[in-house]
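Note that the chains take the letters A, B, C, D, E and F in the order they are written out, and that residue 1 is the start of every chain.
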Amino acid sequence: MTKGPEAVTALKLEQEMPLSEAMQAYFSKCDEKLGMVPNVLKAYAFNTTKLEVFAAFYNDLMLADSGLSKLERELIAVAVSAVNKCFYCLTAHGAAVRQLSGNPELGEQMVMNYRTADLEPRQRAMLDFAVLMTEDSARIGEEDRQSLRDAGFSDRDIWDIAAVASFFNMTNRMASATDMRPNPEYHGLAR
Amino acid sequence: MTKGPEAVTALKLEQEMPLSEAMQAYFSKCDEKLGMVPNVLKAYAFNTTKLEVFAAFYNDLMLADSGLSKLERELIAVAVSAVNKCFYCLTAHGAAVRQLSGNPELGEQMVMNYRTADLEPRQRAMLDFAVLMTEDSARIGEEDRQSLRDAGFSDRDIWDIAAVASFFNMTNRMASATDMRPNPEYHGLAR
Amino acid sequence: MTKGPEAVTALKLEQEMPLSEAMQAYFSKCDEKLGMVPNVLKAYAFNTTKLEVFAAFYNDLMLADSGLSKLERELIAVAVSAVNKCFYCLTAHGAAVRQLSGNPELGEQMVMNYRTADLEPRQRAMLDFAVLMTEDSARIGEEDRQSLRDAGFSDRDIWDIAAVASFFNMTNRMASATDMRPNPEYHGLAR
Amino acid sequence: MTKGPEAVTALKLEQEMPLSEAMQAYFSKCDEKLGMVPNVLKAYAFNTTKLEVFAAFYNDLMLADSGLSKLERELIAVAVSAVNKCFYCLTAHGAAVRQLSGNPELGEQMVMNYRTADLEPRQRAMLDFAVLMTEDSARIGEEDRQSLRDAGFSDRDIWDIAAVASFFNMTNRMASATDMRPNPEYHGLAR
Amino acid sequence: MTKGPEAVTALKLEQEMPLSEAMQAYFSKCDEKLGMVPNVLKAYAFNTTKLEVFAAFYNDLMLADSGLSKLERELIAVAVSAVNKCFYCLTAHGAAVRQLSGNPELGEQMVMNYRTADLEPRQRAMLDFAVLMTEDSARIGEEDRQSLRDAGFSDRDIWDIAAVASFFNMTNRMASATDMRPNPEYHGLAR
Amino acid sequence: MTKGPEAVTALKLEQEMPLSEAMQAYFSKCDEKLGMVPNVLKAYAFNTTKLEVFAAFYNDLMLADSGLSKLERELIAVAVSAVNKCFYCLTAHGAAVRQLSGNPELGEQMVMNYRTADLEPRQRAMLDFAVLMTEDSARIGEEDRQSLRDAGFSDRDIWDIAAVASFFNMTNRMASATDMRPNPEYHGLAR
């Protein structure tokens, strides 16, 4: 409510100075490729170690080799964030879905109600599992994992689906708990 | 249901061989200090990178300097895991609460209903926030953060509370989605 | 899933031919002013009477004199539709919020989590009441109405807030039950 | 709590004077046929236009030709109102079920738990859909509409089921938000 | 669905023959005073011991000396049964509220939404506590008990409120699990 | 929070003196066999009649002849108490599961998430029914009872499952409403 123009969360935490060289380089690369440093990274920058382990975890999860495409990982990110109503993640990853898919409506559907999207059965099964993990993980049983296998996913793919859905259940809560704000640039991207 | 004696999850994933030297050393240290390698680490060991970033993230979160004691971080871990009914995390971190507190009943209360524990107002406020984050993070507002400040927490402490609560919302779901099983040694520890 | 290019809902209902003159004129006016006939009107056009009473009800609600501005009525529409995850209404009325406010981010916040918007206390109270009506109307008591009066609303304003929130609880369900699809033009409007 | 003997809601709104001739005639007809003017109509009478559009919408919905009998529409009204715990609608439409069915127990079952009623599969499917729309409309999919078709309903019938269920989700909330009180005559009707 | 005219539940259980003399006398007394043997007693009559301990428990709870009047205990019974949507208990105890209060509308309000009844603050506090116990007992804390003391209840009264609310959470579930049917005589009583 | 060393609940209620001879004998027998008088009995001891009917009801339920073994009844007790997060019942009956099964892990699984236990289908069906009764009894239908019959249970067994699940829904709420504390001896039993 009273955040200044530079604040990215509601917590008053000073950026650690200087950041490690690796993180300075990472910020520069973001600026160059995206035209901005995502606010989530600025939020973690009060502590170089926390920033480094977060960035390493995130980059492995979303960018490393996987049976899931980058778009599929972003679809999970947004469908999960919609359950948790996370303004930051819906904004940032909704933009990613629009960009990677070239389909602005698909991004909107993930934000609003993923069940309205015309998805292949494989992707619908993937999102149903991710949303079940988000809403009621304690009820998951072998039949749920089997339905993913039946939709064509390997056990390694199931791990990756679970890992992405789990991660956004973490980061959604981190963003809401700290009132993290998305970079305004996201709103107009790939509309 | 059909997991063999060595399986730690319901997913068939082979351990990467060999693990990196750092991770081999880490496993040895676990064995030495705990008498076991926690199954969560074995579960991630199908991929050295994933294991390394998970271990780095976890160790910073739970062991690095913080205004929260290690016991307080474990209290959050268990109170969050109880909402999510995560068998793995309740078992492993319930044992940690019993050990670090020297109070077996406190560990049980965290598992069963944290509201029954005779906690200082500071710790009760911390757990109320962590549980609210778990149950309904989208409703969190400045008044909730302020109630933590009023209970004596700094903004950095609030970050750490949020980070621990968020992390177990991730790992609870990872464990339930993969049917991860705790090492049996935990059950009898510090009773 | 198998809707043809012209279908606006999942129900096969033929447009009544000819529509009444009043409704033909209304459709022409929509086309002229909006560049489209909103799909919700096409959906009701299988029966002239139903279309007429729906349009009359809607236009009085959203356009007639009221202590609530048109933007405020649209804010309620979107906040309610977000609870009900209605793709049609979030798309059409999210666009209306962006247009009437000239603030694309505000439209996104209403869709994603209205609690993240920097609203005046009056508007926050209005939306809190509308969302409470949506989530748990049976719990509403005099203290909830009084909190609206305390925020500056008259009893007539309270009627209007209640009427708009109630209406979108109807139309959200109508849209979801019939899989009503928004005109694609809405997605790019006022970004 | 402090409503006078004439108040029908908790909002202080004066009846518009005079009502339009059409609405005066409608009130007279109600008095003649029912022995009372239903309080919901008195509640809307602060504004002739709102009264007229509400009455037109309602009468088309509940009385116009439809593949659903009037009793079936009232069954939906009560089953939906029971989910929303709306005292006004349960009282008024519970009485209508008792009258139209000649079966007082059926009216009670709709109020208390529609699942206890010995209904034909067609009517049970209709109420299951209406209640699903009320509780969780965002999850409705083609399989739910198909189950209505399998129970013998046409697409036009499905529209009408959806329209009645949606309408009472509106009017339940309007009644609860304004503390609308049913005419006392309803309680003893058709017992 | 396929229950014969005499069946009181969906379970095929033969009445134990003969019942103990005490229970035969109890059934005769019921017949004489109420004009019927309540079906719940017939349901337990497959086993004399179970019938005896149930009757003893029930009669002490609802009829023994208490700071709560018999009407107040019936108010709790119905408010709790409304949360659980128990057809049997709402029917039988709704009738009891109508009879003991001489106010048919009050009975209906307890069934439909107890919050609409014009109750003294003492009785409203009592029902709020009973409903909280029903919906979310794990959250009850000292502040909830204190609010009962503030409303004029002694610790013994609080025990009795808790005991009645708890009992109907048992019997509601017993009735729903076995599809127990109320005697039809209840529907028309004290209207 | 302020309970003295002897208090077993948060309510100040004096033990009735003297207890009936039967109850004195019962307490002595408990002491002799268990090494303690369970606190729930002390809690009821403010009134001999209430203690007697509670003890009679409980002993018939948990100890009388039944198609369910004593362990099965305890499994239900704990699975139900886990839904309701009742510290007293989870502690006392979790210990009973550990003792009767000789399997400490099974006791933990019932407390933490019964779905993680490797149960026979019969016992899993039994617990699924008991948990459904606890969470949403109003939805139970003939198909749920039939699934118990299909798993090998007789109608009498179904009564007993329902009776145990219902009873713990009562006693969980009684314990939470009064802040009843388990005897500390339970925590270390049969680990």
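As a convention for this text, a residue touches a chain if its C-beta (ideal position, glycine included) is under 8 Å from a C-beta of that chain, and two chains touch if they have at least 3 such contacts.
This one's a predicted model, so the numbers in the text were calculated from it and none came from an experiment.
J.: Following contacts chain by chain, what is the lowest number of steps it takes to reach chain E starting at chain A?
T.: Step count on the best path from chain A to chain E: 2.
J.: Which chain has its C-alpha centre farthest away from the C-alpha centre of chain F?
T.: Result for the farthest chain: C.
J.: Once the Cα atoms of chain A and chain F are superposed, what angle does the rotation have, between 0 and 180 degrees and to the nearest 5?
T.: Superposing the C-alpha atoms of chain A on chain F needs a rotation of 120 degrees.
J.: Whole-Å distance, chain C centre to chain D centre, using C-alpha means?
T.: Distance between chain centres, rounded to whole Å: 22 Å.
J.: With chain centres defined as C-alpha means, what is the inter-centre distance between chain A and chain D in Å?
T.: So the centre of chain A lies 44 Å away from the centre of chain D.
J.: For chain E, write out the residues touching at least two other chains, lowest number first.
T.: Only 1, 85-86, 113, 138, 176, 179 qualify.
J.: Throw together a list of every chain pair that touches.
T.: Pairs flagged as touching, ordered by label: A-B, A-C, A-D, A-F, B-C, B-E, B-F, C-D, C-E, D-E, D-F, E-F.
J.: Which bits of chain A are touching chain F when the two form their complex?
T.: Within the complex, chain A touches chain F at residues 138-139, 141.
J.: What does chain E use to touch chain C in their complex?
T.: 113, 115
J.: Which part of chain F faces chain B closely enough to touch in the complex?
T.: Spelled out, the residues of chain F in touch with chain B are 1, 82, 85-87, 90-91, 104-105, 108-109, 111-113, 116, 118, 176, 179, 184, 187-188, 191.
J.: State the interface residues of chain C toward chain D in the complex, per the touch definition above.
T.: The touching residues are 1, 10-13, 46, 49-50, 52-54, 56-57, 60, 64, 84-86, 129, 133-134, 137-138, 140, 142, 145, 155-156, 158-159, 161-163, 165-167, 169-174, 176-179.
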